[in-house]
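After this come two complexes, each holding chain A, first together with chain B and then together with chain C.
Up next, the complex of A and B:
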């Protein structure tokens, strides 16, 4: 515990932690817009395109200053994002292919420049690729200050243009329609995205930078349906993974920071994927199971009701009840499901176990009567489509009658009588 | 054969086999899946190394193929559960790559297999790793590996040419006439991961991805028939390998990088001057 504390109070670790936190927030926030604009992998292309930018910056200035590297990377990264746009707009190449072409070609050029520099200027320039492969632990105060400044500017611009970016993300056509400079805003968003990538490069490296933009935003998407909340959550997730990554890599010898940050973000994503309250997989599974249960329950009640109704018209239902094979013949469902459903209905007092099988109890009769009535009304409603087609109903909602106007209800009941489809068993009817 | 000839031959073989398979990736709008697979094979390779203890041969191929297929499977599953496809690709390959890097630093930090090496290998060293059977040198190992996967890809796609064609251009129809579309998808991703790992050790991921996407995209701008596109992509790939080597020798820079850059140059030429789909030609055809 003591050693943890010294680690946390170590100023070097604190800077790295601060840097990774800011990076997480900035890329999480920008990633939301990228995700909604379906530009998720753009970050990957821009990150790869940063390599030639850094090399050119070094060739032009001859210094290894962080600021020049960032400027070089940003300019070439922006150029790359423009190239992707041009290739998609002016040829029949799809966006993903354009992304791939730009990514690999820019990175190839970058490697050419890098090896050219290494061969022509001796080994003293080895710092260039550490910038690219992510050595967060080697960040110093100056680097963190540059990152912090850039992150604050990014977040401020995002806050200022929140309304515009929101509109652009959800309905670019409408944005253009009300006279917004959509092209300009799009370019600004690209520029911010490029800036976020460039900030992150030093901490997590080229390959993993894409994850910083995609994963927190995607995780946040599972928890909410509102953009403002999603952005806050994504920033939070990004910051959390940045902090986790810094801690783990500071505690374990030789552990690289970038991959741990990305893995923390992935864990958050997996947690969201499974456990989010409405969109998560567990919630979906629970909803599906509940639906299956309801359908099985209604099927069994209706089958029993129909059997009893049929026999009541011919003099009375058998007191021994109906066996499972008769129920299965009416509505084929899984045998095990049928047995479990009957047990549960028995516990709720809706069906009674007899010598040869099952019968509806009084409460069950009432329940099944309602269900059957509803089902038959649906049948007629669908049968007379020409007459009722103009009435809009929600077919996912179970009950029909409550959705209809009064005169239609009367009409349907009249039809029910004509077709001799009225549910005729009432409670307490017994065997007639 | 001289040193240069072996290097150029390796580059040309990588370019042809990747370009050939890449055409199908492009037609199926799966180009970035190639990028994803070539990064995501890292954990497979590391695990194969940890289990088998060697850095080459069959275990590596199997490990990479398995993690390549796993990538394709995860992307597909996420996509089906409602994640948009590009985000699914991004999450999957970055997670797997990060996992691979962590594995590497924990268990195998003393092995000559770092991320830099993985990303841009060194094709110039290819001739120094020959395949020796019964005391006879049979040329570089990489040539045999890459050549072998190219042959395999040619045979598989040759046998299933019709099926791949239909499922690439009209997936809905392919499903309707009862083709096993999912199986075809996984065969293709299997081929991609195999050729990635065969080329990986010698030329690095970046050249593999470049050759998977760029020659195919160039050919897509030049040809309107699948067979022509396939031939064209192989041709473009070989041209960029040869020219790339010459440029690299002239600049004294990375060979793989130059091959990728030359491929980009050829793409730019096709983008501007392709007779039917080039930007300038379309402009000229508009002006009567």
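Up next, the complex of A and C:
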């Protein structure tokens, strides 16, 4: 335990941690815009294209300077994004294919250059191959400072252009219509994307960097319906992944930092996918089950009500109640669902078990009466759309009829009488 | 210049082509002020393209567009635009009021956030389209008609004098169609000019006082009562519209 602590207080580890945090925040924030602008894969292409950029920078300067690597990666990444734009615009090739072509060509060139450098004199010590999958441990203070500078610039620009980027992602046509230079803004977004990729290169590497752009943003989308919160969350998720990756690789021997960061982000995404309130899969399953229960309950109450209403008009309902097959004939639902629902309604005192089956209790009658009345009024409301269409009703709420103005409700009640659809069964009216 | 004021939108010899194929050819148009103008024509006639070329969203191969006698770029704040509803992703993480606020962005300027006054204007526009109760609703949870209302509110927030609406009645319920028409008529009565790309020939006479019949070329443009007749429709739709001798299913009793 003590050795773990010394490891974490080690200034070198702290720099690595700081670098990984920066990388997570930057790529998380930028990823949101890229995701919503549908540029996620562009990030992948840019990341792969960074490899030849780094190699060219090394060949030209002969030094292993982080700043030059960043400039090289940014220039060539930028070039790759332009290539994709050109290919899509001036040929019949679609963007996805153009992405695939450009990505592989640039990466191929990168590998050729990398191999050449490693076989040339002094090149084998260059350590350029660590940019493939990242090597966080090789980060030094100077690298982190360059990364921090890039991250600050990137986040500031995002904050300044928040409103413009939002409109560009949501409705680029409208943005151009009101005079925003959509082309320039897209180019700026592209440049920021390149910057975010470059920030992450040393820790995560060119191959996996796209995951850092996509995954935190995607995870954040599950937790909120607002862009500003989504961006903050994505930045947090990115930072958390960076921190987790650093800790795990510092504590466990032979754990590569970059891939562990990516896996942490993936874990966060999976957690969001299942557990997020409202959008998550579990929440959806629970909602669906609740809906099924409610529909089954309403079905059973209504079927019983309709049977009793019918028989009451012809003298009275059978004291022995109605069997399951009669209820199923009215509304076919699963037999097990029917039985479970009847049991539950019985426990709540809404139905009573008799010799041959079931009957509504007094409370149940009242409940079913209200339910039937509401549903029939609603049927009429939709039937006479031309007359009532102008009234705006929130269909996501249950109490549809209560939302209507009083005179409309009176009109509907009148229609109910005209159509002879009035629920006639009241307490005490029946066989006795 | 009185002439300019009377014709807020003028097109001179406008041609638009996609990949060498002309979609609009030599369009000359002088839209009079304070009119509710319907733009009709068959699919692929270039109705939306015409609108986009006026707004500078598609490049013109030739010709000139003037808004209030000046190039569009100088007159942006005078125009409001309602694009086709399907042109955006309604899963975007934002709410109705926020979308309407986007109509204010042209007035707000760079770097600044919308002010309290902008929010008030946006809220007022939502109220006008009957959507005030839905201000905080996530846009994917709105029905098609409600989404269209939000789009219209966004155009209203632009506070313009000329409005362009691209197929506003597609996938919209009857109540929303009525509400939108009432609003457009109100705009017209305020002296504003409203252009609407429309596809339902049955409602043209009821909705619009001027109409443009378009099929790559301008077929006819003028007051609906004068130009919306069998002869011009035949020219616009060609064989696609079969007209009976005394009964026309599309024009109803009029023929």
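Couple of notes before you dig in:
In this text, the second predicted complex is superposed on the first by the 380 of 432 C-alpha atoms of A that agree within 3 Å, B and C clash if a C-alpha of one lies under 4 Å from a C-alpha of the other, contacts with A are read in each partner's own complex, and residues count from 1 in each chain.
We take it that a contact is a pair of C-beta atoms (placed from the backbone, for glycine too) under 8 Å apart; a residue touches a chain by one contact, two chains touch by 3 or more.
In this text, all values refer to a predicted model and were calculated from it rather than measured experimentally.
Of the two partner chains, neither chain B nor chain C is touched by A:59. In the superposed model, A:337 makes contact with neither chain B nor chain C. In the superposed model, B is the one of chain B and chain C that contacts more residues of chain A. In the superposition on chain A, A:40 makes contact with chain B only, while chain C stays out of contact range. In the superposition on chain A, A:266 contacts chain B only, with no contact to chain C. In the superposed model, A:312 lies in contact with neither chain B nor chain C. Once the two complexes are laid over each other on the shared chain, residue contacts for A:99 go to chain B alone; chain C is not touched. If you check the complex, the residues on chain C that touch chain A are 52, 55-57, 73, 76, 79, 81, 83, 87-89, 92-95, 98-99, 102, 105-106, 108, 110-114, 130, 133, 138, 141, 143, 154, 158, 173-175, 178-179. Across the interface of their complex, chain B is touched by residues 35, 38-41, 43-44, 87, 90-94, 96-101, 103-116, 119-120, 129, 133, 205, 207-208, 210-211, 213-215, 218, 254-256, 258-260, 262-263, 266, 269, 273, 279, 281 of chain A. Note for the complex: chain B touches chain A at residues 26, 29-32, 34-35, 39, 81-84, 86-87, 89-91, 94-95, 97-99, 101-102, 105-106, 109, 115-116, 119-120, 206-207, 209-210, 212-214, 216-217, 220-221, 248, 251-254, 256-261, 263-264, 267, 271, 277-279. By the touch criterion stated above, chain A contacts chain C in their complex at residues 36, 160-161, 163-164, 166-167, 169-171, 173-180, 221, 224-227, 230, 385-386, 389-392, 394-396.
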